[in-house]
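Shared chain: chain A. Partners: chain B in the first complex, chain C in the second.
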Partner chain A sequence: MKEAFEFAKITLRQSVRVKSFYGALIMTLVAIVGLFILHSFAMFEIPRILMNYVLSYTNLIILLLVFLTFFSLIQYDIDKKTMQYIVALPMRRRDYILGRYFGLMAFSFIVSYGIVILFYPFLIILIKQRPDAPFSSIRYFLYPLFLLLEVSLISSFALLFTTLSTKSIISILSTLGVYFIGHSLDDVREFILTGYGSDVPLFSKILIKTAWYLFPNLSVFDVKITMTYNLRFTLTEAFIIVGYGILYTVAILLITLSVFDKKEIL
Partner chain B sequence: MKRVLGILSGVIFLLVLNLTIMPRLSSLHREVRKESFRIFLSPGLEKWSSFEFRVMKAFLYTLNLRVYLGKLIEESPVFPPEAETNIIKTAEVVTTINPYYYDIYYICNGFLTWDFNNAETANKLLLKAVKYRPKDWFFYFMMGFNYFYFLHNYEMGGTYIQKAAQIRHSPFLASLAARLMYTSGRTEIAIQMLRSMIRNIKDENWKKSLSKRLEALEAVLTIQRAVEKFMRNMGRTPVSIEELLEKGFLQEKLEDPYGGRFYIDEEGNVKTTSNFLPKEGKGEIE
Partner chain C sequence: MHIELLSLTKYYKTKELGFKKFRALNNISLSVEKGESFGLIGLNGAGKSTLIKLILGVIFPDEGEIKVMGKMPGDIHIKRRISYLPENPVFYESLNGEEILCFIGKLRGLSGKVIKDSVYNILERVDLYEHRKKLLRKYSRGMLQRLGLAQAFIGNPELVILDEPLSGLDPLGRKMARDLIIEANREGSTIFFTSHILEDIEKICTRVGILHKGELLRVAEKEELRRAPLEDIFLETIGEK
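This part shows the complex of A and B:
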């Protein structure tokens, strides 16, 4: 496990060096200016709109960074033949996977909380000017935790696809596929269950239902509306979401580890 | 040095491009957008395609509607008929993407009622608002107002304004609801509602104000019952309050606390010359 954490540290250091990280920093500065522009455009409930803007921005940037960083690191490993070196080292193969996963998660944690902390003073200044809706700092700082759970799931899928495929483009597309399916399956299933779905062929219905049970439901981690509009959110609900995210990630990571342990690396 | 010069010339080129071509391109784009407004997918598909960014998408669509309506107002005082369809379509899409969004209900209600006299659709939209935001008194108030002012349905108006009064704990709204219910002939409900409001109010001034309205409505109810009894026994509508007093249907002459005079109209309804409004100059909020 010690080796895995050492590898996580390396991943974290590499992630910070990836150019997209600096791009994200510049984008964040521009987004802070956007916060002021948005403030003048919103009509009512300014705190809610501004809070959602920050949370949506954090969401977008984290997803982009994780995708770009993860796949540039993988590309780096392939180009520099790191995998072959790792196999030759006196360490378990699984430490590489776990190291990459924990490193990426640590990176996502730092970036997501970095963004929400950076925005917070500006948000407070603007909200104080027009406090026409309640604003909860607890909910504001709680949201990134759910975002990180989603990132954790996506990262574990990205690792699985990287382990299964030989070309990074295939794993990129597969991970993107999981993201889109994970976010749309709930709506699609809801659609086929209503009257509108009566025209959908039986085969498609079975396929959608199977996919619904197979793929992760990523929309459960999107609690932005719940947080922004102060909707009822019990501890039980929070624990179910957290439990679901952790269990799913562990399951995917276990599959990835067993595949990677037996993979032939030439 | 060469690199810096290269970057600088690139920036200058972009600036020149933006200053020369962009205004023309932008105006062309605006023309196209005005013609087509925004071609929406079905609300379900719009929601589906929002992924994790539903609130921001709803915000952008609403902003787009605001810009569109703003331009129409600038161009002509009368809206083209397609503007109504565009408002309704946008409302459908936005409230599906984010049914909690306050602005869209506010904007659409304002335009649909005042500019297109379509209070029915506005109220349908507001029904959705109260479904998702049941604790927001203003949506009930808007619905009540639409029923009262645009649809002349005092009973429904009173019911929704009563609901708004309950949520906001507002004696003013309670008083207004009571007036609407009185106008719709539901004086007894209005009295019950006022009694319950008075019990829950802590502010003495408001309590006094509502008690005055209660007193007035109780007087109306007493006279109304006397009128009904008179009509049952005599087979006709009484000519005046005095006739009720003379024939023993009413025990005493009741005073309107607002300073008006009670009278009976041709259909046998009890009314007052004050219309339950305080005399001018008193500065009283009822």
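This part shows the complex of A and C:
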């Protein structure tokens, strides 16, 4: 485990040195200015509008950064054949997978909580000026946790595809595919189950239902509206989402470890 | 015995949907003793890098058996005692030289002050101390090769596997690298070394294997190497003379 920890530190160092990270820092400063502009334009429900703005921004930046960083790292590992050298180093193959996973998760944690903490004082100042709707700091700081669960699941899939493919582009496209399917599958399934989907051929229905069980349902982690509008969100619901995210991630990581253990690094 | 290969055969799938197989290594049997400096020579595509990858456990044999220090390749306890320099070292270019060496030093079991001392010492040996904080993306090809040598010798590994370690180095760099390898060998490290440059092999190795089209045609012993130039032995063995 010590080796995985050391490799996670390397991954974290690499992540904060990827150029897109500095781009994200500049974008965040611009987004803070945007918060003030939005405040001056908004007519009512200021806390909700501003919170929604910050959480949407956090969501966008995290997913963008994780995709860009991860893809830049695995592109290096696969295409430049660094993985051959890494596998020959004094660490187990599983340390590579776990190191990459935990390093990336640490990076995502720092960036997501960095953004919400950075925005928080400005948010409070602006909300206090026009407090025309409730604002919950707990819900505000809880949101990144669900975002991290989604990132965790996507990262584990990205690692799985990295171990399965010999070209980084295949791994990148497969991960993007899982992301888009994971976000739209729930809506598609609901559509075919309602009266609107009666014209859908039986084969397509079976295909969609199978896919619904196979692919992760990423829309469950999208709790932005619930948090922003203070909608009912019980502890049980939270535990179910957290449990789903963790179990799915662990399952994918276990498959990845088993595949990578037997893989020839050509 | 540090490396023991028994009837080792390795096939690669060709690109035509993987139906055809290409035999990269055929029935290789070889042993390298502890403390020995063994050189492996062969033309491009002879199978030298494939053999190294098998010894390191990066790829697996189709037939035969490999023992490294008496165990299967890939065993973590064995890996801690082995170092490897790939033919074209590609390290993470967003890290600097010191970070790379500290990372590898920690993997080899070094810690605390020892790791810093070892890293600075080896950086000075390969003339990279002044560049230790520079990101690797700013390193030249020769500097990367010297860093590759540095990582191969940090933590005094018992078995050092070097794939073309002197390529990309200027004459001074080559001398430094040769001295480093010879000194490590004198201090007890086993060296397994591949090169195209016969002169380097002659200067460093005490026993030389000649690999040709995936077959180990000959292992020239110390006495043979003293009697005739390696080039003559090599050309004669592969049938070019």
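We adopt the following convention: the second predicted complex is superposed on the first by the 263 of 266 C-alpha atoms of A that agree within 3 Å, B and C clash if a C-alpha of one lies under 4 Å from a C-alpha of the other, contacts with A are read in each partner's own complex, and residues count from 1 in each chain.
In this text, a contact is a pair of C-beta atoms (placed from the backbone, for glycine too) under 8 Å apart; a residue touches a chain by one contact, two chains touch by 3 or more.
Worth saying up front: this structure is predicted, and the values here are computed from it rather than measured.
Placing chain B and chain C on a common chain A by superposition gives a fit, with no clash between them. In the superposed model, A:Ile138 lies in contact with neither chain B nor chain C. Once chain A of one complex is fitted onto chain A of the other, the partner contacts of A:Arg92 are limited to chain C, with no touch recorded for chain B. Of the two partner chains, chain B is the only one that A:Ser184 touches; chain C does not reach it. In the superposed pair of complexes, A:Phe41 makes contact with chain B only, with no contact to chain C.
Contacts of A:Ile26 after superposition: neither chain B nor chain C is touched.
Put simply, the three-chain overlay gives an angle of 170° at chain A, taking C-alpha centres for chain B and chain C and rounding to the nearest 10. Contacts of A:Leu214 after superposition on the shared chain: neither chain B nor chain C is touched. Once the two complexes are overlaid on the shared chain, A:Leu202 sits clear of chain B and of chain C alike. Shortest separation of chain B and chain C in the overlay equals 20 Å (C-alpha atoms, whole Å).
Chain A meets chain C in the complex at residues 2-3, 6-7, 9-10, 13-14, 17-18, 76, 80-82, 84-85, 87-93, 264-266.
Chain B makes touch with chain A in their complex at residues 44, 47-48, 51-56, 59, 63, 66, 98, 100, 102-103, 106-107.
Here chain C touches chain A in the complex through residues 12, 53, 56-60, 74, 76, 79-80, 82, 84, 86, 89-95, 99, 103-104, 106-109, 135, going by the rule given at the top. Put simply, chain A touches chain B in their complex at residues 41-45, 48-49, 52-53, 56, 59-60, 180, 183-184, 187-188, 191, 196, 219, 222, 224-225, 228-229, 231.
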